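Okay, so subunit A shows up in both of these, paired with subunit B first and subunit C after.
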Partner chain A sequence: MENVAVVGWAQSDHRDTSTLDTRHSLVYKVITEALASAGLSIQDIDIVFSTGSDVVDGGCISGCDMVGALGGHFREESRIAGDGLHAAMLAQMRISSGFYNTALIVAYSKNSENMSGRKGRKMSDPFFHRPLGIDELVVGAMQERAYLHRYKIAPEEVAGVAVRNRKLGAGNPHARLRDPVTLKDVLSSPEIMSPIREMEASPYSDGACAVILAEDRSAKSMGRKLAWISGSAGITASFQPGSDVITHASSAGKATRLAFAAAGIEDPSRELDIIEAGYQYAYQELMLYEAAGLCGPGEGPAFLRAVEDGSAGIEANPSGGSLCDDPRLATGLIRLAEAAAQVTGRADERQVPGARKALALVATGMGIQCTGCIVVER
Partner chain B sequence: MARRVGVIGTGQSKYEDHRNDVNTPELVREAALAAMSDAGITPGDVDAFVIAGASGFPEEISFSENWIGPAIGASGKPLVRVHAGTNVGANATISAFFQVASGAFDVVLAASYNQRTIEDFRFNSMDCCDPLWDLGFDYPQSTLAGLQARFYLSRHEGKITEEHGAMVAVKNRKNAVLNPCAHVRSEITVEDVMNSSEVASPIKVLDCSRVCDGAAAIVVADEMKARKLNPAPAWIAGVGACSESRSVPYVDMAYPESCVRAAQQAYQMAWVYEPASDLDTVEVHDTFSFQELIWCEALGICEPGTAGKFLELGGSMLDGELPVNPSGGVISTNPEGASSMVRQIEAAMQVMGKAGDHQVPGVRRALAHAWGGAIQYSVVTVFSSGL
Partner chain C sequence: MRHITEISSKVEPVTFVEDELELSFRYWYGEHYGRFYAELRDNRRILGMRCEKCGSVLLPPRPYCGFCHAPLRTWVELSDKGAVDTFSIVHTPNAKELIETPYACAMIKLDGCDVPLYHLLGEVEFKDILTGMRVTAVWEEVRKGALRDIRYFRPSEQRSIRSD
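Coming up: the complex of A and B.
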């Protein structure tokens, strides 16, 4: 199998309102920038993967009028659902099969042009759940309630996740929310679905991200520091909330185990320098750390405190993560771009000194049903 | 070095105008279980799943893969969904091919389906059009295909006639009578087609496929597993896919470049030099009758403008020198997003010698073709009985 490296990336400045950018120009700009960052031209790209949503775009097969903007003209353009991070994994397989040298992965969403909440609601089972009003947010609220109850976690601990991410996001020029908030701000923000508060939910944003992967030889010939993919996995768990133990993110548990095994990581909390996690609600960050084996069940809050005071030896979400901007479908791919930037020392003001190994992870779906993760290292 | 990959099982659901007896996961399950039983495996033996869904828009559900996955045994396993036009089922198989070829997984199941929740299909395909520029022109898929057929007829005036389109429909409907899986299984005559009402000139009702609900699934495995599970797998010898910008005036619809390039890629990989003689049978994506002729030319099976003659001389008949759509094609069975995978299934079955009454004798190499979008996506897969 060929080694695969992340050689270029770019992301938009994520915003909450529609700009003059159409989705075409949104992706075109990040692709142009990503190609420049890798020193490549579109002619060097063998295959394009894109991630977008017909429901967000408001059209059937919405990718078909974007082929040109995506760089897919006269090459294979393949569209993947879920998140761009999953597309990156398929791109990695294409390259490691030996048939392709380079792949461009693009993910975008323009949530501002969509009726708010519509997408989340349309995710649930149309026959049994939708008539009851069960959607992503409701399942998230039930999951948080169960999680807090089971491990006797105070609402302040969850609010603390938002405070911490918003503080980090202030240093990220791409982030949409760049003003720090206090614990009091978070706890007094309105409850959108008890116990989830507004500031604890990821803000749907407009944005795009492009990442370029290349095989061993072409990557090395670029003569720069590279982020090598050493492990990756994507897992989808049960669709029925409650058929698994709802307080444990089983998809994240299995996906990280597989990725760590491929990367030869035995003790993730000691070996990883960075974790970049994308998710929708603040409590999920704690559950994801537990599922990834960075700490034991219910120890998420304590682990985050250790991250905060430096005793954990790992930095979490130096970009501010998805609580500062959530261009859904691109959120996970942005985590990969951030992780690659960190291990190659190109993360500018949010650079963590000496970062060598990072985990990019995205958890999506009803009660974090799906997880994709990629380990990159220098 | 990539690993070799073979098709070890295929499955199709029952096709009906509307499958109101099942929901989407149940429909996909029908095909997936058939494919797994054909391969002699259970869901536990499958390492990863690929679901093909053309669009979440008509389905009124986003991320439908999460809904469908558990019904086919994908819970707790890697699962991805590919999107595209009607070529999406073929894309899913290609995705499964590379997942195995790369060494990431040994056994992968790809499934595709079509179940229309919105009754008015015309409205539905209209949604594909650009909301700002194209919607006002009011063209559904049949209008686009009408334009395509008109370009083709005028380019090859005197060589290709409207009757040639009718003859394709007649041939494929006749083949479908022999295919127990086909949706429409009744014969028609050239007069029937010519006298049927016009949809988008020169296309008439009987030049069109009839959209149905249904699902298809295909199981692929690496060489070692494939040999263990199936005495005669259909090896995937070549794959090619190419996209083109969606710009109706600039796409050469009568000889689509994306199709030419996808074929070149697949032929190169499968060592096909002379498609007309190196291939033993071909399944092309004939959503509309004229398209069979156009694809045969773009695939290099006939010279441009000669597909009509080839048809007239019986070359593409079931007993001809290169049978085209022995299954009856999309004209007879069109579960939209799954139709492209059905082409691969039929080509693979021909190679495995399992096509039953519509088996072409002695097939060693078979091709499956798919198109999608505004005639802008092309996928070509070549199956072979030997490595």
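Coming up: the complex of A and C.
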């Protein structure tokens, strides 16, 4: 099996609305930048993977008219329904096979153009869930309540996640929300679905991300520091949202266990330098730390305090994460780009000194039942 | 062909185009949902299925087990009473045609069932809703074969206090 490295990446400046760009020009810009960052041209790319949402785009197989912008004509090109991080895993497998040298992965969202309200309901089944209006926000709210109830976690601990991420996001030029907020700000922001408050929910944004992967020899010939993929996994749990199930992120638990095993990681809290986690609601960050084995069940808040005071020996979401911008379906791929930037020392103002090993993770769907994760290291 | 060296910056570009897609569906219930909704309508009964392989009792009835993927064949009648597993209060409507806000919703563990039922709570102040609270289905008199044939679930205790 060929080793695979992340060799180039770029992301847009994420906004609530990107009025000057069509989705085509939005992705063309990040692709051009990502190719430049890898020192490659589109002719060097063997495979193109893209992710986007037909519902957000308002088109059937909406990827079809993106192929030109993606540089996908007369190349192997395919599209997946899900976050770009999952597409990156498919690209990694293709390259590992030894039949392909390079892959371009592109994810985008122009949510501002879709005026038809909350998209989540369109994801639930029409027979049993849609008639009562269930969607990811409703499930998220019930999941948070169950999680807080089970482990006696105070709402302030969840609000603290938002405060911390917004502080970090202030140093990220790509972030949409770059103004720090206080605990009081978060706790007095409107309750959009109790107990979830507005500032504890990721802001659905417009944005795009492109990442380039390459096999061993091509990557090494580039003559620069590389972010090698040492483990990856994607898991979807069944949607049976009882409190015994939804108070721990079982898909994230299994996905990280598989990825860590592949990467030879036995103690993630000691061996990882960085975790970049994408999700929709603040409490989920705490649950994801627990699921990834960085701390025990219900210990997410204590772990976050240890991250904050430096005693955890790991940095969480140095980019500010998805609470500062959430171009849905690009959010996870952005985590991979951030993780690769960190371990290669190219993360600019948000660089964590000495970072060598990072986990990029994205948890999506109702009650975060779907998780993809990739470990990258120098 | 004339080469344009400069495009006037005084002219504002045309900004956007509006569009509307009409999407309408008729989803067929199939045998399992079809029976489930007929029983709600005709007999006020909530039907689930038991997995003979892993022993789970599942809702809604489907031809396969959500836990172990075995085929399901055994229908069971579930209680219309249970306990609130977790809940929320909905303030912002999800879609225009749905339920009047604000309302309380919950995952309800029906007695004997391994999968909670998502439904609404009624006859209770929001501040009085608790995790673990016992609830009972309130059925509509006129039923159409839909989830709303159960109007909502109400606290079991409240009724007994009232009837005293």
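Basically, the second predicted complex is superposed on the first by the 373 of 378 C-alpha atoms of A that agree within 3 Å, B and C clash if a C-alpha of one lies under 4 Å from a C-alpha of the other, contacts with A are read in each partner's own complex, and residues count from 1 in each chain.
The criterion applied here is as follows: a contact is a pair of C-beta atoms (placed from the backbone, for glycine too) under 8 Å apart; a residue touches a chain by one contact, two chains touch by 3 or more.
All values derive from a computational prediction rather than experimental measurement.
Student: By the touch definition at the top of the document, which applies to A:138: first (subunit B), second (subunit C), both, or neither?
Tutor: So A:138 only meets subunit C here.
Student: Check the residue A:236 against both partner chains and state whether it touches subunit B (first), subunit C (second), both, or neither.
Tutor: first
Student: Looking at A:41 after the superposition, I want to know if it touches subunit B, subunit C, both of them or none. Which is it: first, second, both, neither?
Tutor: A:41 sits against neither subunit B nor subunit C.
Student: Looking at the overlay, does A:25 come into contact with subunit B only (first), subunit C only (second), both, or neither?
Tutor: neither
Student: Applying the touch criterion given at the start, work out whether A:193 contacts subunit B, subunit C, both or neither, answering first, second, both or neither.
Tutor: Only subunit C is touched by A:193; subunit B is not.
Student: Quick one: name whichever of subunit B and subunit C touches more residues of subunit A.
Tutor: Touching more residues of subunit A than the other partner does is B.
Student: Could you look at A:126 and tell me whether it touches subunit B, subunit C, both or neither (first, second, both, neither)?
Tutor: both
Student: One more residue to check, A:93. First (subunit B), second (subunit C), both or neither?
Tutor: A:93 contacts subunit B only, not subunit C.
Student: Check the residue A:67 against both partner chains and state whether it touches subunit B (first), subunit C (second), both, or neither.
Tutor: First partner only.
Student: Could you give the residue numbers on subunit A that contact subunit B in one complex and subunit C in the other?
Tutor: Shared contact residues on subunit A (touching subunit B in one complex, subunit C in the other): 58, 126-127, 238-240.
Student: If we count contacts the way the header does, which residues on subunit A are in touch with subunit B in the complex?
Tutor: Those residues of subunit A that touch subunit B are 1, 53-56, 58-65, 67-68, 72-82, 86, 89-90, 92-94, 96-99, 119, 122-123, 125-127, 233-240, 250-251, 254, 364-366, 369-370.
Student: Using the touch definition up top, name the residues of subunit C that touch subunit A in the complex.
Tutor: 15-16, 19, 21, 25, 27, 29, 33, 60, 66-67, 85-95, 98-99, 105-107, 109, 114-116, 118-120, 131, 146-148
Student: Where on subunit A does subunit C make contact in their complex?
Tutor: Those residues of subunit A that touch subunit C are 19, 58, 117-118, 121, 126-129, 131-135, 137-138, 141-143, 145-146, 149, 191-195, 238-243, 246.
Student: Touching residues of subunit B toward subunit A in the complex: what are they?
Tutor: Contact set of subunit B toward subunit A: 1-2, 23, 53-58, 60-63, 65-67, 69-70, 74-85, 91, 95, 98-99, 101-104, 124-125, 127-128, 130-131, 241-247, 257-258, 261, 269, 372-374, 376-377.
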